[in-house]
Structure formats: C-alpha cells, structure tokens
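Each chain gets a letter, A, B and C, in the order it is written, and its residues are counted from 1.
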C-alpha cells in the first residue's frame, strides 16, 4: 500500500527543542509517524515509538546510565539504532528492531529526517547560522494547530492578514495598500513588502522604545518572508525612522528582528508550529527576551482559531477552488516548489 | 453526487434570534450547510460561511459601515448577494461568489430558506401573527441537541412523555389515562388531549397562582399540539377550574399559554431547538416572563439526555422497527407529511 | 452479516457490582451490546437497553413496585424476560420484546452470559467460593480502560512489568532475575514465579507490618497467576520470612493475599476492569480493607496509561508481529485457549 502525503519526506524537520528531552523521552508524531526522541549521553536520538516486545510506546520508558532507552513496560533496552540491545533474562540478538531516524541538533533545535536515512545529510539543514551568533538573542514557543502545514505557510507568506487578524498589535491598514512582491531566489521563495512614511503600529512602537527611539514619528517598515522547503520561514521585519534608508538604515535609526517559523507536519490536518523571534539588539537582556516572547505568543495565538476554522471549511468543501491573488504569490510559489519536490520523491 | 437528506429543503427554518447577530456575525450550520448570518444595516442576511479567497469562515470577520461583511483573514468584502464587492488592492469583478440564502426576519426570529432561492416566498412562513400582538408576551431559549429533528417532533407530538420525563412539573398520571386524538387539519397535524376533573400538577398550580386562581381545586386540562412542516410545533396548553368549559372557559377561570417549538436541523443527528412560551396574561410583566423561561428551560432540559440516548440507540440498531401506537399518531402523521414533501422535492 | 469478535460469547462475564444497581438501573455496554441491569425484587436482571416502543434506553427508566422495569420516556413496562408486560392505554401482547440475558449473582458480583441463553449454566461460573468464606475479606474497584481485554490479560499474566510500571510499590529488580514458569492446569493457565531471600518491596513491607512481622528481613516471595477463561485472573501473591517454606510457610511467618481480576470487554478496544484484593488475615478490619483498596487502586492505575498507549500503537501498526518471550508464556497460553474457544463457537 502506498500512501501519498502532502509533505516531502527526504528532508529535515524541527522535531522539538532540547528542553523537551532534557528530563525524559518525548513521544511525538511527525509526518504521521510516532517517534520517541531522547538524549543518549550527549547525542539526541529518534527511533520509532514502538517496543518490539509488545508494542508499548517507548516514550513511556526512561534512558539508563549507558544512554540506552529502556521500555517502561517490561524493560526491553533499545540502542540508538533502534535495535534491541538487551532485556533481563532474554537473548535479544534475533529480535527485530524498530526504525531509527537520523537526528541532528543544530541552531538550538532537534531536527529529524523522516525519509530515506541514506540520504540524510546534515549539510542539507538550511544555514541559520546567526542562531549561534552571540550578537543575536532568540525566544520562542510551540503551538499545536489543527491544520495542514501548507495553510500555515500561506499564512506566513502573506502578511496582509496582519491587518485583520492582528489589528491591535502589528496590523495596520497601510499594509494592504502596498502590494507585496514574490519571487524565487535560488532554493527559496521570497515575499517582500515595504511601506514608507507610515505610523508605527503598537508592537513596533514598543520595539522602537526598546531601542531608545522615538515611537511617534513616521517610519519606513519592511517585511521580507523567506521560505525554505519544506516549511521553514524566516521573516525579516522592522521599522526605521522614515527617510534613513528603511531596511538599510543605520542601526541607531531602526528596530528590527527576524520572525522564525519552523512548521512540522504532525498529520495531514495538524502541525507542530515552532515560532519565535531573533533579534540583534540587547541580546543579553533576558527580561526583554521574555517580554517579546510573551507579546509574540499572544499575537501568534490569534492565528490559531482562523487556521483551524479554515481547515474545517476546506475539508467540508474539497472541490472548491481557492483564489490565487498577487498577495498569495509567496504561498503559491512555495506550494509549487513543494509539489515538485514531492513529485520527485515518488 | 446526490445526497438524500431527512429534511425538506424548500422551506423556512428558524436560523437564530436577532440578539445572536446584534454584535457580530454568527456562523451556524443549518441543514448541513455552514452559513454566516449577520445584520447588514437593517436587514438580516445569510451567505455561505466560506470566503472565496482562501476558504476562511466569514463568520470570523466583521460588518463594515456599508453593511458589507469583511473577511477577518485578508479583508475580502462580500455583499449581501454573496458576491465579492471589493478587496484592498484587488479587482474582484471576476472573482467567484458564494451562495446567498433567502433570509427573513419575522415574529422575533431570523428565518432562512435552505432550498431553491427562486421559490423562497416569505408568505410561506406560517402565520404566527400573535407573536406581534402586544397582548402576548414571549420568553424562550435555544438548546443544541444531538438527535435527528424528527425525534424532537415525536417528542412534542406525544406529550405522554410528560408523565415520565417531567414527572415533577407538568407530568401527572392522568395524562396517560386519556388517549390523544391525532388528525390532519389542512396543512397541519394536530394532536389533542383533554383531561377532566384532575388535580393541577405543580407547573400549572403556579400558573393558576399567577392568574390569581385557586391552585388546589380540580381542573380541566388540555394539550393541543399543532405541527406545521417542516418542524414548527405550537402547543396550546392550559387548565381551567373544572366545569367552566375547559379550553373554552372564560379568561378568569383558566390559565393557559402556547408552547412554541421551532426545530432546525443542524446535521442528520443534531438540531438547534428554539423553545419558548407565549402567554396572553400579564404580557408586560417581564419578571414573570423570566420566571416562566427559567422554569420551562429546566423542564425542557430534561428531554435532552433522553433524546440523545435514544438517537445513539437508533444509530446502534438501524434495522430495528419502532412501534407506532395511538399515542404516536401525531408523530406518525407528521413524518408521513414530511416524507411526501421530501419526495416531491426530489 | 456476521461479525467476528475477539471474545467468547457463551460464557459468564462480571457485569457489575450489586451496589451499582442498588438505587436505579444501570446501562452498561458488554461485549459490544448495550444492556440494562437492574434488581427486580431480589433478583438481578439484564435485558437489552432498548425500549421496543421508540428505542429509548431503558436504563433511564425505573423499577416499579412489581419489580418490572418501566421505560422513562413513555412508560412501557418490561418484564424480566425482555417482554412488554403493559403500557398505559395499550394492549401490549403483540408487541415485540427485547433480548433477555441470563444473569447470576455470585461471589459479590453480578454475572452476565452474553451468548446463547440455552447454554447458560450457572455451574459454569468458576469456583471462587472463598469469596463467601467469612475468613476472607475483599475490597476492590472498577476501572474503565481503553484497550482490548487481551492486553489486560497479558499484563496480569506477566508480572515482570511490576519492576517497571510499579517500581515504587510492588516492583523490584529481583522479579526479572527469576524467569516465570507457565503451564496449563486443567481448564486454567498458570504462571508462577518464586523469588528467594530478597528484600520485601514497600507494598509487602506494609503487609508484613499489618501481620505483625518484621518487614526488614529477607523474604521469599511468590506470584501465582491463574487464568480462567474468558478473562478471570486470580493471583496468589505473598512473602514469607525467608527459609520458612515460602508459599507453604506457616501463617505466622507470611503475609499473602489474592489479587482478583475480572476483565469484561466493553468493545474491541475498551474494557471494564474489576480489580480487588482478597485476604485471609484480619478479615473484619474494614479500615485495613479500605487502606489496602486505596493502595491497590493507586498501583493499578499506573497500568492505565501504558495499556491505552499500547492499544493505540497496535491500532497504528496492525501488521506488526509482537514477540512471544518466555515471560509472555502465560498470556500466549491464555490467548491460545481463547482462540480455541472462540473457534469452537463459530
């Protein structure tokens, strides 16, 4: 039986954050597969969350001193390759193992490769090296949303929705007056929108204040969403006091950051959404990091109801064609790129 | 693909009450279709709850100053016909629209026509003109119940159940001693039961008190359920001091009212049940209206568990034939009338 | 349409405890069938939970003074054979009845026979006559668990899991050092494990204290699980001060009891699990009974998460073969016995 999925398999997805496996194993369904993630000594590991003995989830077990995962039902000890290593009173050499998944830890996240393990090259993880740069600070969170991962991509590649969904924080009518530009840039898709001489909306007024800048003067604002398959979106966002070069303004005239979005399919109708914000000002101010995280978490939670209701509507109307407007260009190009990748895999 | 439904489509159903759309749009599934209801200036409107742009539910949007519904995701503006009127930065003339539903406001309710719009004649809304009569007062509520709408019709066309389900309020053993009479009367089905020289049950003792009548003397009691398709049931109920003519007794010898039931299918196994009571005594006593509503709400909630458990049992036993006794005559005649209407529609 | 079930039908299952039908009828699904249990005068009765009139669940009704079950919707009176006995204003003689189930009350439980009523012989209820012995005391409870009943049998026939699932109470590493012995004994399956000169785990330390025995000296420990089809498991458990004969040690050198497990399928993926403990020391100490019940309830609740997660994993991986190790011998033999019984029924 072959099942067609809406996502690429031979690729790296964010599985979890290190703190999620710090204390005990984590069972998480990713791309339809139940996987247990855990830390074996230093290394992050992911194997099928299924004990070969009686099918208990290994994620209910524990990691022993040798760094092996022990099933919490009858004590089967699994090694990092998904093979049975030992079991009290048993000779396990002939026991079947379970699937092991290539796992990498990078940029503060645990990544998993859900396709053919032989093709799993860590170099294929996109370069987000500023994550490791001490001049940058990152704060973020995780939401579980009941929608297909492409709906979240659409959402982030068309920020026109800010005017409506986030009207009290980052939205402002000037956004939709300015059509975005969408284009392919190498292996990424970019959607860009710039607005000139506009008032800063509340979120950005705060950011200007954090940067000791007057929040009440006209600003130039930019939003540059960059999609990297399968579902990583970095959005450069910022405002500069108007007339100083906008995106290219000197640091003391602007407030900017990068919205970080890693979207991981759980099932065809649900995702793990890792969201966050990276900034290169006051990187050591952890109180500020917390404040930004809280604000962003509030704003991003406003999308949940919309996305879940949209998903339900689409399931109810499977034959209805949706519109592809210029504002949807980023999402359309991203989907086209995904379609090609998925087709090539099959 | 044709799907057969258990309900007529070319007919008026109660969709909601005006207060439900006073503040913002209301998304409600009716006869299997998701519809957004809202007030456009003075007029109540209903269109498919699906934005043609990206499938977001329009009910998460808002009504603008022109009385147009604006999608809360990316700002598509829909007019009352379900057509795209405008969208920031877009030429919408070629955009496909969504279905618009004939909607009428009458008798204090918003009505929707779920079938062929060309046949939607407001004159087909049954005449409940006493709703607009200042000598009458009305109080009611809305319950969501997980059962097919015909089970609720059965319930209301056979009040024998009062003895069991509502034994502490309107039920009394004398009800089942008196067989009801069921018959067709024009385009309605009537089930009638009269009881003579019986004690008044608690609910009616209270009603007698409200009418300054002795609650402790024998009464004549009547229940006249009138079903109008598809699912409107008005029940004339009352008691009179015995020997003064029962239903025809002079006003100062009786307490009476009309139980109002509008049943609207949501799906094949769920309904919106608009229940209430209309009375022509002390119509301006709003405190009394509240008191009656509270009492009736309590009594009618007793049916919910029974109806939902009955529905579950019927789903479990699809082939089991039910009995059609004389007490079921009203429900049987009503179902027969519905079957004819549904057959004629197909 | 024939449906294959994973359980025997011509057999006795525990349906409920007497207190569950003391006040009013009890609706309970057993082996996929919805049954109402009630007490008719002295006798416990079970009939299909479906009123022949309109399909209402009879379990929402009440038992009248004649010991007949009255439907709570319109008053149909059912007798203990599942036949319609009377109904106000109706001649019920030609009305179809519903299925009646053989029911027995024995050993403090209500038992139901779910198969061919003609074969229902109360003598087929296994002999647990010590339940009626005044030298024994019993305390227990009921858990609803979302798993197939065989997973619970596996659990109880392989107590190796105590080391992992119940590590803070009855588990100890010495369990898995000692391989169990599994064999058929007449119509039962036995799994036996004995451990010598080991420390007593916390639960048994307490039990030794209750018996005025030193909890801190080495003990011999035994676990003898006895499976009687379809799903009754009695486990003789105990510890004796080491060197006094273990299981056969004199009463003043040991603490022992019987873990009682009656497992009743609700559906293919859910069970009613009647658990308890019977002891022959201090049988009249009801405070002790309560204390033991509380402790056991806590320990047994630790299995729920594991069993439900295991069931979910098995549903996700229907083709995956599980291992059958020596520790699984009891479960394997029990399943084999069940397979034969089920095959013989078909």
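The rule we apply is simple: a residue touches a chain if its C-beta (ideal position, glycine included) is under 8 Å from a C-beta of that chain, and two chains touch if they have at least 3 such contacts.
Only a predicted model underlies this, so the values are computations on that prediction, with no experimental measurement involved.
K.L.:
Any idea what the CA-fit rotation angle from chain A to chain B is, to the nearest 5 degrees?
P.N.:
120
K.L.:
Between chain C and chain B, is it the same set of residue numbers doing the touching on each side, over half shared, or a different set?
P.N.:
Interface between chain B and chain C is built from largely different residues.
K.L.:
What whole-number Å value describes the gap between the mean CA coordinates of chain B and chain C?
P.N.:
Spacing between the chain centres: roughly 47 Å.
K.L.:
What parts of chain B, by residue number, touch at least two of the other chains?
P.N.:
none
K.L.:
Which residues of chain C touch chain A in the complex?
P.N.:
Within the complex, chain C touches chain A at residues 154, 158, 160-161, 163-165, 176-177, 179, 305-306, 309-310, 312-314, 316-317, 320-323, 325-328.
K.L.:
Inside the complex, what are the residues of chain C that reach chain B?
P.N.:
Residues 34, 49-50, 52-57, 60-61, 70-75, 87-90, 95-96 of chain C touch chain B in their complex.
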